[in-house]
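Following this line, the structures themselves.
Across the two complexes that follow, chain A remains constant while its partner is chain B and subsequently chain C.
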Partner chain A sequence: MTATDTAPAAPAAPDKPVTPSSGARSPRRWSMLFMASPPVLLVLVFVGIPIVIGIAFTLGYTGGLNSIASMLSVSVYTANGWMPSLAAYGNVLSSERFRSDLGVTIWVTVLTVAIVLVLAWCIALYARLSGGRLGKMLSGIAIIPLFIPVVIGAYAIRQFYLNTGFLVSLGRQFGIQLPSWSYHTPGIVIGQVWVSLPFAVLLISSGLAAVPNALIDAARDAGASLGRSVWSVMVPMTTIPTVIVATFTAVGVMGSFTVPYMIGPTSPNMLGVTLQATFVAYLRPQDAQVIAVVLFVLAAGIGALYVWANARASRSSAVQL
Partner chain B sequence: MTTAPGSDRSDGLRLSGISKVLGGRTIVEKMELQVSPGELLCLLGPSGCGKTTTLRMIGGFLNPDAGRLTINGVDHTHSKPERRPTAMVFQNYALWPHMSVAKNIGFGLKVRKLSADKIRQKVDWALDLLGLQHHRETMPARISGGEQQRVALARALVLEPEVLLMDEPLSNLDAKLRVQVRETIREIQQRLGITTVFVTHDQEEALSIADRIAVMNNGRIEQLAAPAELYARPRTTFVAGFIGTMNTLDVGPAGGGVPLDDGALLPCDTFSGAAGDVCWIRPEDLQITEADHAGSVRAVVLRVIPRGHYREVLLQSHGSTLRAFTDGEPDVEQIVGLRATNALVYADDALVQDDEPARPGRAVRAVADSGDRG
Partner chain C sequence: MTAVEVQQTPTAPEAAAAPAGTGGLLRRVLGRIVVGVLAVVLLVFILGPLVWMALVAFSKRWKAPALLPQSWTLDAWRNVFTTTPLGHAFMLSLIFAVAATLGSALICLPAAYAIGRSNFPGRRVILLGLFATNAFPKMGLFTSIATLFYGLHLMNTALGVVIVQLLGTVVIMTWIPSAAFAAVPPSLIEAARDAGAGPLRVFFTVTLRLAAPGISVALILAFLACFDEAQGSYLVGAPTYITMPTQMYSLVENYPEQAAAVFALVLTVPSVLLLLLVRKHVMGGHLAEGFQLR
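Moving on to the complex of A and B:
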């Protein structure tokens, strides 16, 4: 120890030992908490409170901050004193339209996630293994939609697949009657794939790029075919990016509005469109918030998968260190 | 795969006129190489000399542009890696991080569709061989570098390859561990009698482990010889400079000695050849004697570097700086005598090698002595 290491310290009181956590570091901890508080408070005020108020509204608490929304509603279910009411949930969940819209939402989400994963994997894998110009070109083309506003992309897709659009017209030139997918559920899936693919390609490409060539070579050297090497080495090592792509795409698609609104049919459509119509057209904010809560619960379930993937990634990196 | 005419199963590995061009640059040029069954051959050379490219061509990860490659008489020039009877130990171990040690070792056997019992039996054999039984279910990230390297070796050996390929397998280990793993590799290689090609840029590693060493430079083999032969008689100045330490005197032998910078002669007992452009002397072939000792030239000690059981001494003699190894303990700035026991003579970068080493006569030594005194 040198003279500059520590200043002579006053002896600690025998009944109150000084510990690093309770003594000198406490002011520092408080100052760190103070520094972190603005974003925390911002999230609490602008996200947390509206969520709580919204959920309260769906349970029939129509007073206070929910009174304006109640006034705008054509009908609301109210709580019996402090006892919450589940009548709004019963009304929405028993509705035929809600059920078919929920079915479309889940179907479009599952199909979009599946197609996006397959396409992103194929493009990223081809680019990773070939390393050639075509692979790089494909990866480049796949991220173009990132730079085109969704509303413009959705409009273009609707026009392209319309009954009078390019694809159907081209088919007619050759005497083939192609289906028109605009204003139909397949059109929504096409739009969702367009929007989600760039991010998926970027993430899976970076995941595959992180698999060292030596690991693939080692599998080939051990006698595995290229397909087996991909399946046994590259797929397991890219699980985390794949789960992240799947969860982000699923949550994004589930809560989307622009694509189903512009390309999808009037009914059944995805819940984002139904939610907007319920609020604006039917003036039933309470029902709209019930739909929002259902979407929130579904998204939270998917979010749990994302948290699990991240936790697993953290554990793996901790082991590597 | 075809069987080469006139070849038999005990051919070992044979490379005939193998060439490879990458990015417009010739990396390997018309390489001729034969590795006998059970032999451990080292490919030694500086970075970029083509040794790893050669190994990757043997492993099937690169296709040669020209030439032919056979293993035990079977043509594997264009076989895919999974079709070759080879197994490689990679520089960075290349263990699959999501598989346990046992699964890493057993992967190749699983690909070959062996029964679970057979796989367990062979994996146990490999774990026992490399002393890894206690790490059977451990993940690779949780074991040390040396243990990871042994897992990589076990993974290769369990496949019972005809040729084992090792790409700088010790370069990521610390000095002490490198020696331990090196000895383990050599012991197992000899016990199993497996034909091995070992790539390294570390000459000490090559000299201590190989049956023969192929020194590569610019895509060609400069010299292929046993370690002792390679050290004693490096055929080119490149090999001489690459293997061990050398005193390089850019002047040919004259008057039975080696002229130093100011013209004084360093007496030398024997030369590899009578005439040449340059004389190169190993530090251990320089003898430090008492000052003014008969048959020596005067030198001053500049620096003494302890090397454990011997000392490396830097000397200045008649304008030339020389390096000698000695058991003695000279002091810095001490005046000593210096003589050479052997010098390698090169002409046009090739070793001049007479049948009988050239020995200078008594008159020569007298000239050296008088030159020094003058």
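Moving on to the complex of A and C:
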């Protein structure tokens, strides 16, 4: 995932796009709705339908559009008439492999989000407060992975942390045995942080840039220490970008394939890799679909957090200007 | 390439207002050292792997604990261009990416205009709905799509790959341009109308021209998203259609390390060049600005 994962951006000022003359005339409104419909249809057909039939597939409805996938499967559980079958879920959820992979996925996601948030905050805050050349340089460096295709980044990271790579070699120059992180879970986290950092730094820096200097100065004048004015002025005003970064990073990491596939161990690995292998190598599309549903449910929880943060933001936007 | 330089960098509130005296000086020097060390760690963390890979691409013999290759060669470059399917994969990537980007522009830009310039019923629902495509974990979505593609006989077809790549660009192609359209001042449009310009003329000479930077950022980001897309193209296209990023998956297992490094460097070139073109706009906030849904 390169720019795909990190690129979504909302219209800058969707509150005010209404041209004064347009609102009242309803024919124009309907033609606008018509103009806006093609991407919606596209998404409905190629995202909405797949998810619906995918869920139907996991419940044992193997006919219709699912029939070819069922034909290609090693085995499928079939619904008993109209009664859905939960056998596929039982089969996947009880497997040892799935459980350990789920554990790895959750751990990697939580760790990556935590590390990315801390790093991005440190970099953005330093750049904002010092305002110097070093600060600019640091945030510039942190954005470089945005320019590199993920496949390449992941491959380069794997070679870098191999036992013939830079880190281990550097340690051996000084007689220290450093661990080789490639093909191990820490390597996955390193790769995920590398890939996710640019988006986080971009959003948090722009959030911090929006905090007026006057507010910080006022807090300082009132006797607040630097730490205190960061904590009680800058942090609250940057909550929304932080939540956005956390949710996007979490969803991106959870559904990722390339980074864990390239850097991670054979097993246990993240669910994205298991999913692909279950589908392509083990020829069990139904089981793969069950794993996908599990990922969707996890993402939905995270998405709810995002929507909540946005709702809160629009309620308080009157205060924030 | 800095994030902050373009956002009217505010003058820093005096961060270093440490109390005077030796304690303050010591603290300041210590602070400098800590920042310096962290900066070096960040530099190695981000750039180290890329530099290491670039060195591998030119290395002939490199025995493990050494920090530099013992001898150098350009053989890997010659081998990659002659023995790997580089040219074919590159052309394929290019064709798919161009097709998907154009398709995406055709489908999404009118919608972006509508969303940016008017407030029709359901506008917010549409914005959220499009956004939802990004809220699904990628690999889960791709296997769901693959199940549908089997049913529609789109697996292992060029159209299937183009559709998968296009789906990844919908959000970029609607949100960024609609922000650009929304930012065109209505007063300018009315001035042009008052001066007697027809609606089409106003659109092409005022609205489109002012929105052009945002649209071009979206086009380039979408093209790169397609060009670099690996997971979906791999699942839907392989083994019939192997684009450059999907080729990487097999290349790293089946070719010497040097060949993979060279291939990787070649694949990086278009992204770096195109992103440098729009660097200012991306950093300037087309990406980050007003990220909230409202």
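Keep this in mind: the second predicted complex is superposed on the first by the 284 of 321 C-alpha atoms of A that agree within 3 Å, B and C clash if a C-alpha of one lies under 4 Å from a C-alpha of the other, contacts with A are read in each partner's own complex, and residues count from 1 in each chain.
Just so we're on the same page, a residue touches a chain if its C-beta (ideal position, glycine included) is under 8 Å from a C-beta of that chain, and two chains touch if they have at least 3 such contacts.
Small disclaimer: the values here were computed from a predicted structure and weren't measured.
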item	value
Superposition on chain A - do chain B and chain C clash or fit	fit
Which of chain B and chain C A:M237 touches, first, second, both or neither	first
Which superposed partner A:L129 touches (first chain B, second chain C, both, neither)	second
Touched chain A residues, chain B compared with chain C	C
First (chain B), second (chain C), both or neither touched by A:G81	neither
Partner chain in contact with A:D221 - chain B first, chain C second, else both or neither	first
Partner chain(s) touched by A:G175 [first = chain B, second = chain C, both, neither]	neither
Minimum C-alpha spacing, chains overlaid - chain B and chain C, in Å	6
Contacts on chain A seen with chain B and repeated with chain C across the two complexes	217, 220
Parts of chain C lying in touch with chain A, wherever the complex brings them together	1-5, 7-13, 15-17, 35, 38-39, 42-43, 45-50, 52-53, 56, 64-67, 107-108, 110-111, 113-123, 126-127, 129-141, 143-148, 150-153, 163, 166-176, 178-179, 181-183, 186, 189, 221, 224-225, 227-231, 235, 245, 248-249, 252, 257, 260-261, 264, 267-268, 271-272, 275-276, 282-283, 285-294
Parts of chain A lying in touch with chain B, wherever the complex brings them together	212, 214-215, 217-225, 228, 232-233, 236-237, 316, 319-320
Interface residues, chain B side, partner chain A - complex	59-61, 80-82, 86-88, 90-92, 94-98, 107-108, 111-112, 139, 141-142, 155, 159
